[in-house]
Structure formats: structure tokens, C-alpha cells
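If you scroll down you'll find the structure; I have some questions about it.
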Amino acid sequence: MTALLETRGVWQRFGGLIANSDVSISVGRGEIVGLIGPNGAGKSTLFNLIAGVLPPTQGSIIFDGEDVTNLPAAARCQRGIGRTFQVVKSFETMTVIDNVIVGALVRNTVMREARRKAHEVLEFTGLAARADVLASDLVPAEKRRLEVARALATEPKLLLLDEVLTGLTPTEAQTGVALVRKVRETGVTVLMVEHVMEIVMPLVDRAIVLDLGKVLAEGKPSDVVRDPNVIKAYLGDRHAVGA
Amino acid sequence: MGLLYGLIAVGLALIFGLMDVVNFAHGEFLMLAMYVTFFLFTFFAIDPLLSAPLAAAALFVLGAAVYLVIVRFAMRAKANVGMVQIFATFGLAIVMRGLAQLFFTADYRSVPNSWLGGKTVSVAGIFLPQPQLFGALVAIAAFGGLYLFINRTDFGRALEATREDPGAVALVGIDKNRVFALGWGLGGALVGLAGAIMATFFYIYPDVGASFALIAYVTVALGGFGSVFGAFAGGIVVGLVEATTALILPPSLKSVGIYAVYLLVVFIRPRGLFGSM
Amino acid sequence: QTSEVVIGATYPLSGSGAQVGVDAQRAFETAIDIINNDQDFELPLAKGVGLPGLGGAKIRIVYADTQGDPQKGRAEAERLITQEKVSAILGSYQSAVAVTISQICERYQIPFMSADNSSPSLHRRGLKYYFRASPHDEMFSAGMFDFLDAMKKKGAKAQTLALFHEDTIFGTDSANAQTKLATERGYKIVADIKYRANSPSLSAEVQQLKAANADVLMPSSYTTDGILLVKTMAELGYKPNAIVAQAAGFSEKALYDAVGDKLEGAITRGSFSLDLAAKRPMVGKINDLFKAKSGKDLNDNTSRQFMAMIIMADAINRAKSTDGEKIRDALAATEMSGEQTIMPWKRVKFDESGQNNDADPVLLQYVGGKFVTIFPSQAAVAEPIWPMK
Amino acid sequence: MDKQFVERRRRDLITAAGLAAVAAIVPLFVKDVYVQNIMVLTLMYAALSQSWNILSGYCGQISLGHALYFGLGAYTTALLFTKFGVLPWFGMIAGGLISAAIAMALGYPCFRLGGHYFAIATIVIAEIGLLLIQNWDWAGAALGIDIPVRGDSWLKFQFTRSKLPYFYFALVLACVAWFVTWWLEDSKWGYWWRAVKDNPQAAESLGVVVFNSKMGAAAVSAFLVAVGGSFYAQFVSYIDPGSVMGFQFSLLMALPAVLGGIGTLWGPMLGAVILIPITELTRSYIGGSGRGVDLIVYGALIVLIALARPEGLVGLFSRRRKEATR
Amino acid sequence: MLSVHEVTTAYQGLVAISAVSINVEKGEIVCVAGANGAGKSTLLKSIAGAERPRSGTVTFDGKRLDGMAQHLITATGIAYVPENRRLFPRLSVRDNLRLGSYLYRGDANREGPLDLVFNLFPRLQERLEQRAETLSGGEQQMLAIGRALMTRPRLLMLDEPSQGIMPKLVDEIFQAVKRIRDAGMTVLIVEQRMAECLEIADRAYILQTGRVLMQGPSAEIKGNPDVRKAYLGL
């Protein structure tokens, strides 16, 4: 079986700055892959390239066997790429349920269906109680959850999660971890960025480490955290001991 | 002439561009400045050139007051702040016209002969009317001053920051109301200057602002919001386009030329010539 | 019987035409003063109090603001008719607004008199209730060309013309009439400049006028653009040989207050001439009455507004009724000699389309700070100065 | 919760039907033509503002050039009728379609522009339209078009004295505009539009084709406004460029929605019902003085409403409703 | 130094914190912890003047802060880094930092704290001309803290500063907080990462549904079995 997502030699430059340089990664169907790396390593940029916010300066992106490099974001969503934004972008003047309905409309053209789907997703993500609240009234953690809900409502094959589990107490984070597992069980492949090792390590099947725009390391989480380069660039000494 | 559009536009650029607030009463500010100049001239025989600073001061007060009394509250809107501001200032424009008609009557006025009025200098066969020439000089000086003020001082930076996020400037100890009131005051003062110069060669009546408002907006947008230099460049472009389209198109269509240039520019550069936002 | 007759007046009382509307109010008040009180003038209804035909009923006027908008003019006319129960309507400065007001008047069978609208199309729409005592643009223009013909005969240089007109109904109609007459009578139009009304700048236009350098400059502009035109001309160093203007701005005091010093010798057509006061003393006295109210002399517009009220009141008086149809019939039967007016007209008599074809325009020249009548010869008090200054 | 939503929509619909029914019988009691005239204008502005609201309120593309579509509707109808004898009913449809087509053609370059640049582009385009018509002799140029009224006729949609036919047409127009909004509000388009307004980038990521959404909104909005323009031409039976295509008109179209509550279902209606009578009454009853007092009163009212209720007057109602359900 | 007394704050009628009292002494690092929605951020907002308390008092060095305009509170020496950072997105990193020293416009040494900032976050120095909105998530967090330091606060309030920061830097930030304290400032910090936070904090408060559930020296809190279970996930 081919990989669900593949990036082939992807580059992204911002003026003189190289945010992604020759990134080739692949994500298999049904995997949960962690994308980690220092601040400013280019993780969110790579997400933007995969989701179609930006065209890569160079390289191509293959999704589900199709070259989607030149497709706009909306078309990629229709093909099954769902994403969240690290800096949340809720529809502030709309209620939570309406936010999610927008996502649900991609696959449900009948309003009633879309609404039902949206409720289902809210139930699933634990936002049901906040359905009729305006998105602008949510606290940051809830907004991040709304990002996930909206993306899930598009019924993606691949879900890109950019730091959606930050700002949670360890206990709450466990609920988040469970949620991601549940998502995977429904057949969705997950590629996630997260800095909290306590969350990432037990959750992901595989970790890819970016540093300075390049792939620094890749492999099983337990191996990756022992990689001296990763420790030096990313984890710091304490985690070296901890892991 | 272009520079004058520029000068009128620069007041707008300040309020509109730098603060991201639309002032639909801009033309009425200009009208008021012209009346101030007119009355100073008729009652105290103060030449428009001398009264320009007085008009600027009067309009500074007006600008700051309009912000503190009206715009500040319009900005409380949670959604569509822009539209609320547009209509609050639109209402204000109507009120100002009404007040002008009530107090100054609907008569057309004009400052008969100022020191410069009606004189021309001829440079290499091109006639340059002195008032406009002087206006151009003032405009350049005002632009220069404002440019330095905005780009080199803390106030300029504070103004930009306040526009970006009025709710966040308190985090660094800036009083947004003070900054905006000052910004409006300055915008007003520039219009005051423009009005005083305009009064030397334009007629004055309660609705005179309408003739200029649209062209001033286009000038700012053409140059690009948030840029003093842009307003300056916009003014020059508008002046040039106006003069040249009249040669190709019937004069009644000359503003079509300006509008077309605006569209052309923003279709190619969606933020105007020098816009940052 | 009725003790008062209500007449409506629809004018722009705010917005860019407000000044004319406000002046019109003073003109109407002057006329009503004369009608309602006992005054010794050779005008109809001046002597005695009120309208004798209606048992001495007095005239009351109701103003409505059109803001220069046809739709608003229409609504106001309808309000005046249905709520204020006016017997007739006078108006309306802008011809576009007169179009809708006259339509409404037609529907309600209430007479409408154009005091100061000059678009020739107005009386050609087959309306029964439309009247205009004063000349329209074609008549005015004909007067102007009669004058030019006379000047040419005297050997003056008046062969090439430059038209300068705004892009409104007034400007367009005026220019159309002038173009037609120029071709008919063998003049050459070297520049025909149509400009946008209330432009912020007329430099480009004036440059073109200057380049064309016609013998006669013929502007059709309101006060605002008139002032700007003259100032711009001075600034760009353009001094035309002669100016023969289609009134409007060029008959307004405001324009001469502003730029009179640059207009020595400018000529404008008009329907009124203060010089008439020499022959007809009441003209001077009425002018004084008006001046006391407004601080201005009667001019092209205010004199016509004044006369419109007198003529309408006269018709109502003869109709002995406030009924629209009867007033209309009385108006249609109007036969007023020139002496009974303050105008240099032959007489007031309406043709079947409601136009008075015997209202001759005059040409006035601005000399030494006031207007002097220079044409036609029977009204003239001085020889034209040509070229100007 | 879903039930609540369905109920709210049904309640909106019933309220609207009720209001329409009440409005429909009002002229049977109010015979004064002046008041009827105000009611016609109110309904017309309500319809226009409701249509404007679709593009600018829901989809967030602030247009200050809708006078263009209004004028196109008015001119298409009037020209077709006076030059070719085409009945205004067809003219209305033609005007609507032409406007929608032009709106989309203009949208193509304009929708790339953001915020003020877009708004000014709309102003400028409408102004160009105005100037072109003003200089187009065949279309009457500045003289405008005088539509000859020859007695009452439904076919030609002209009536000499009676305002009732106009009233009912305006009522239908307002109802249609409202209903279209109501219907679109809970449709794919409605959600897309609001998403595009709030955050285009997020909308794209959720499969919303932002550009198409804007185009759709522009077409619907322009079509309805043009029908309003056709109506206006018939109602006033005289049009000239300045009075149907002026910039003021674009503002007046937006004003009710802004004061009532931009991007809301009821805002434009509420705004028009309050604003238009004020506009007319201040002019008629205090405008006669010639001293500008009416402007002062009218302008001050606008300022006050804008400041007292920056979110729009509908806030007055919905807040109360929210509290009632709490 | 800072004393919050019985403060109640509500959003549109919904009470978020009720009668919360806390104290911060000069030179202390105080940690406030609690679940999502417990009211931690609301507490900081109420002190900083971003929300107006419904009742209760806030005093800072004997000065009443409640009811004072937010910018004046900043001027008294309290710097607040909100959860959502509130940078000036289209201004450069340099301008964002410079605005931080707005209060010291006339001061010759206005950029004094810059050394400390660059020392803590060298990344910012590399990115001086970049617009704040294009920074990566973590870089934005650094800038927000940096800007706050530029106001030369006596009391620094941080709302979840470790959010979005890579592990290596999280430790550094906590160390930095210590250094900041050692540089003479007092720190009030809201954190989810209680374990790390308690390590550096002198005292801690735990909020639950808008009330103070527990308070005491860090060691004591850390040892509490309920806390270990509920908040440390142990």
C-alpha cells in the first residue's frame, strides 16, 4: 500500500530565510505521526504547504496517489486533508456549531445532514455543551478544540494537528490523547505537531524531527528521543535523562 | 494641484490610513477650515497665509474633539467597526453641513484677494498660479514633517501599534485614546492647512467638501493606506492623470481617468503604490 | 369664501443648490408682500389687499425642500398637493426636478409654473398643467446670437466661439441650443468643453480654452464652477476677448463678490435688468423691497421667481377659485402686458404648451461693478464694450 | 438544541409573514398618499438594504458602489421601455441579469482586493458608470429618461395617482429580499459567506472556495438591487444619472442595514423602518426653513443611533429574547 | 507587594472568579494553577485592568489598582503577558520591543533591558526586522515576554508562558523566570505545567471553578496527594 501523504523534496523560502529545505517525508495510512522540532524549525510552514495555504517554492506534494502541489487549499480539503491552525482562526462572529457546520458542508450538501454531522463531531470532541456559544467567547483551549472539531467535520483522510493539546493540565491532556486515538480508530491518519513530550511520545507511532527546515531524525519515538542531535537541538538535557 | 490633493489626502491618510478609521466628514473638515479662513479674512483682515496656522489649530481641536466625543464610542462596536465609523462620521458630515448652512448661510463665499491670490509665475512658458505653488510648498513641507514624525518618533510607532491592536497598547503603557485623539487632531490640523490654502482659490459654501472627499479617498488608496509617502505620491499621480486625461477624454470624463488609474494600480498592487496594509 | 390661498414652492433648500432656494424664498416673500398688502405699483394685485377675486383672500406660501433630487421633488410636490392643499406649485431651479414635479401636478391637475427652469424640453411633453413665463435656453441662446450677429455687423471680432458647459441638464441643453444656432448662423465653434459640475479643479479645461483662444467664450455654469472658472483663468493667464454667459452663476452676486474684478466687461444674458428702473420706477422700488429682505439686488433668478408668483396669483384671482382646473384655464388665458411686469418682456401670454414666447431676454454687461443693459437696442442703456476691457 | 434552532427559524418565518400581512392591510386604512409614499420608499429601501446586506453584511465585502446596480436596473428597464417598448416586467428581469453579470465580471478583479481598497474600488466603479451614462447621449445623458405615463396599467406597471400597486410591489420585493436572505442564511451559501467574512484563510482550509462564494453573493445581491432600480424607474417615472447612480445612493442603501444590524436577518428591515421615515419627515417638516436644521436633526440622529447601538438596533430585540430564554 | 482581596469578575453576567484573594510578596515567584476554565487568566486580567472586577480590591505597593485604566496600571510597574500574546502583528520585532519601552521615551538608557531579552531569547535578535505575525508560534511567545520585560516591570505576570515552546526552551524559560526574579523582579505565573512551575515557584495557589482551592509553599502543594492525582497526572 502506498503512503497517504508524501512530500518530495519540498522547499519553502521567505526572502532569504529558508523555512523548509528539501523535506521529504511520508505518512502511511492509519498512522499517527508526530512532527516535532525546535521553535521556528518549519513545522507549521510544512503544514501550510501540505494544506495548500502556500505553494512550495520547489518540490511536490503527493496525497492519496495524486499530485496536489498545484491545487488550492479548498480543493485539498475536498480531497481529504483537514487541518488546524496553530494560531487559531475561528469564525469569531459565528457560534461553535455554525463553525463546525462550515466544515461539515464539504461532504454534506443537505443542511440537515451537515447539522447532524456537526453535532456528532461536537459530541465527539466534547464541545457539545458549548454549541450555541459564540466562538469569540471561547477560552483559548476551547478554541483549539474547535479547530479540531471543524477539521474533523470535513471528514478528512489526513488530519493535520498543529499544537492543539497545549495549555492543558496533564490530566486534561490525557483526554486529548484519548481523543486523537479515537480519531485514528475511525480511520483517519494523523500528522501532529506538539511540543509536550509527555503527550507526543506515548501517542505517536512514528516521529519526524525537523530542525532548521531539514529533517533531522525520523523513527520510533523512543529512538528519536535518544538521538543526541535531537536532544541537543530540541529536547535539552533534562529530557535526555527523562527519556 | 496634485500636491493639494495630496495635502488634503494626507490628513485623511493620517486618520484613515494610519488609524484604520474612515472619516466621512473629511470634506466637511475642509469646509470648516475654509470658513475659518474666510471669516478671519473678512472680519480681521488676516491674510489666509497668516491664518493658516490658526485654521490648523482650530481643526486640530475639532479633530481631537470628534474622536473623543464620537469616534471613540463608534469603535466600541464588536463587529463591523469600520461600517459603524463610516456612518457615524457620515452623520457627522450631514450635521456639519446643516450647521454651516444655519450659521454661515448657503451663500457662496470666497476670499477675494489675498496676498498671493490670482498672481502667477511663469516658468519656461508654463504658468504656475502662486496660491497653488505656495500650497504645493506647504504640502511638501507638511509631508516631510509628517513623514519624519510618523517614521522617526515614538508617537508614530505608538499610532501604528494602536491601529494594529487598540486593546493591546495598554500592555506597554500607551493610552490609546490619547494617541488617537492626537492622531485625529493632527489629521484635522493638516486639513486645516489645506483649507486655508484652498480658500485662496476656491469658493466656499456648506457643501464644498463633497467636491473633494472622493478624490481624497482615491488619492490615499492609490498611494496605499498607512503610508504618508504614499499619499504624497498618490496626490502627484492624481494631479498628473487629471491633467493628461483631459487631453484624451472629454473633460467631463476626466475623473474616469483617475478612477481607472486607481483600479489599474490596485489590480496590479492590491495595497496601492506604497501601502503596508 | 376662502380667506387664504396656499401656493407651494419646491426648491433646493439644502445641498449644493441651497443658496438659490434660499434667495427664492425672499423673492416669493417680496411678491406676497405686494399682493397681500396695499401697494402702489402697476403690477396686477399690488393695489388693495389680497386677491379681490376671492374676496380679498391672502396668499400663503409653503416651501418644500427637494435637495435637488427628482424623487424628493416628486414626493414633496405630492405632499404639498395632498396635505397642504396647495392650489398651485412654483419651482424648481433644477430642471431634472421640474420633470417629476410637473408630472405629479399633471396627475393631480394642479398648475405648475417653472419660474426659473430653462430646459426647453420641459414644455414639450404635452402637459396641460405646465406653464413657463420666462424664456428657455433656446430663446436665451437665440438672444445671445442675435447680439453676436449685431456685434459682427458692427465689425467686432466674434467669429469663433468656445462653449464651456457643465454636464447637467442645464449645461447640456444650453450647449445643444448654442451649437445649433452657431451652425445655422455660421459661427465656428473652436472648443466645446463639457465638464463635470462641481469639479475640484478646472485647470485642464481652462488650458484647453486658452489653447483654442476663441473670440467669444460662452460659459454655462452655476456659481461654484463659475467662480472656479474665472479664478483658474486668471491664474493660468487666460484673458478671453469676450465672455457671453448663459446666466446661471454669471448672474449671481456671489460670483461677482468673489471674482468681479476679473470680470470687467463680461456679458451675460438675463431676463432682468435693473436699468429698467429708469423707465419703470416700480422696478427700482421692488428691488429695494427685495434688497431689504435679502441684502442682494434682484437678479436673473429672483426676478423670475418674483414674477412667477405674481402671474400665478393673478390667474388665481381671475379664476376666482382655488380649483386647479379653473386656475389652469385662467393661466392659459393670461394676457399681461410687459409694463405690468418688472421684466423687459413684451408680454405674458402662454401658447398651448404653456410657454410664453414673448419673454425676450436681455444682455447685460458687467461694468464698473454693476450690470448695464446693452441689448436688445430698445432696452439698452449703453453701448457694449467689445472686446472686454 | 436542534429543535430550538428549527423553531427559531420557523418563528422568524412566521413573524415575517405576520408583519407582511399587517403591512399589506395598512394602506387600506392609511389613505394619505404622502404617508403611502413614505411606506413605499421604506419598503424599497428595506429591500435594497437587505440585498446589499447579502454581499456586504453576510459575505463581508463592503460595497459602497451598489448604486451602480440600482442604476443599471433603472436604466435597463427605462431604456427598453422607451426605446423598444419592452414591458417593464421583462426589463426588470433583464436589468437584474445584466447587473448580476456585471457584478460577477467586476468581482473577478475586485475580489482580490481587501478591506478599504475593495470599498473604494466599488465607489470608483459606480462613479465611472455614472459618468459614462451621464455622457451617453443615446441614454439621455444628463437629461435622463422621462417615462411617459399614459394612464393606469398593470401591464406597463404605471399608475397615475394610486400608490397602492407600487406599495404592494415594494412589499413583495421586500418580502422576496427578506425571504431570499432567510433561505440562504441556513444554506451552504449562507455558511460559506459568513465563514469568508470572518476568516477567509480558515474558510479555504475547510473546503470553501472563497472566490466563488463572493461571486455568488455579488450576483444575488446585484440582481435584487437591480430589480429595486427597475421598480424605482417605474415609480418615479423619471430617472437621471445623478439621482439613481450617485454615491449618496450607495450610502443610503447601506445605512439601514448598518443602523439596524449589519449581517443580520432583521437589521435592514428594522433600519429602514426607522430611518426612511425620519429622512423624509425631517426634510418635509423642518426642511422648508432653508436653514439646514433638518440636516442637523437627521445627521445627529444617525450619529446617535450609531453610537448608542454600534451593533445595530436588532440588538435591542435579540438581547431581550436571549434573556427571556435564559 | 500585590494584594488581591475578594475579587469577583464576571463576563456578561457569568461569574468567572468569585471572591478570590491572593498575595504576592516582593521578590517572590508565585504560581497559579488550575484546570481549564478555572479562572486563572481572568485573575490576571483583573489585576492588569483588562477586565474590570465586579467587586473586591487590588492593591499594588499600597496603590489601589481596581478601576484604574489599564495603561496606567502598566505604568505603575506591572507587566502582563496575556495568553494570546497580543503582539502588534504587522510591526517588526524591533518595533514591538521598542514599543515596550514606550514609557521611557526620554530616557537615555531606554533600551536597557534589551540585553536581558536577547540574552534570554537570542532568536529574537536574529529576527529583528521580521513582522511579528510571520514569526513561528514559539518565537511569538518569546517576543511577547521580551516586550513585557522592556517595560521594566517590578511585577511580571505571565499567562502560560511555556505554551508552544519547545522542551529545551521550556526549561530555559523557567530558568529565565528565576533569573528575572534574581534581577529584582517579582513574578506571578499561571501555568499548566505545574511540575516544572512548582520547581521554581516559592508559593502556589490552585484555583478551581473560580475559587481558591488551595494555597501554600510549593513544596507543600507538590506533596499534596490530591494535587498529584488531579493536576500532575501522577
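We just call them A, B, C, D and E in the order they show up, numbering each chain from 1.
Please note the rule applied: a contact is a pair of C-beta atoms (placed from the backbone, for glycine too) under 8 Å apart; a residue touches a chain by one contact, two chains touch by 3 or more.
Here's who's who by UniProt: A = Amino acid/amide ABC transporter ATP-binding protein 1 (HAAT family); B = Amino acid/amide ABC transporter membrane protein 1 (HAAT family); D = Amino acid/amide ABC transporter membrane protein 2 (HAAT family); E = Amino acid/amide ABC transporter ATP-binding protein 2 (HAAT family).
Note that the structure is predicted; figures quoted are calculated from it, not measured.
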| request: Trace the shortest chain of touching neighbours from subunit C to subunit E and give its length in steps. | output: 2
| request: Touching both subunit B and subunit C: give me those chains, sorted by label. | output: D
| Farthest chain from subunit A, comparing Cα centres? | C
| query | How many Å are there between the centre of subunit B and the centre of subunit D, using C-alpha atoms for each centre? | reply | 31
| message | Just the number, please: Cα centre separation of subunit A and subunit E in whole Å. | response | 28
| How far is the middle of subunit A from the middle of subunit C, if each middle is the mean of its Cα atoms, in Å? | 77
| field | Approximate Å spacing (C-alpha centroids) for the pair subunit B, subunit E | value | 43
| At which residue positions does subunit C touch at least two other chains? | 14, 18, 21-22, 167, 194, 196
| What positions in subunit D touch 2 or more of the other chains? | 131, 134-135, 263, 290, 292, 294-295
| query | Which positions of subunit B touch subunit D when the two form their complex? | reply | 16, 22, 70, 73-74, 76-84, 86-88, 90-102, 106, 206, 214, 217-218, 221, 225, 250, 252-253, 255-256, 259-260, 262-263, 266-267, 270-272, 275
| query | In their complex, what parts of subunit D are in touch with subunit B? | reply | 62, 109, 112-117, 120-121, 123-125, 127-128, 131-132, 134-135, 247, 251, 254-255, 258-259, 262-263, 290-304, 306-307, 310-311
| Contact residues on subunit E for subunit B in the complex? | 48-50, 69-75, 79-80, 82, 86-91, 95, 98-100, 102-103, 105, 147-148, 150-151
| Footprint of subunit A on subunit E - complex, ascending | 11, 33-37, 41, 83-84, 123, 134-140, 142, 160, 163-172, 192, 194-195, 230-233
| task | Would you tell me which residues of subunit A are touching subunit E in their complex? | result | 14, 37-41, 43-44, 86-87, 137, 139-142, 163, 166-174, 195-198, 233-236, 238-239
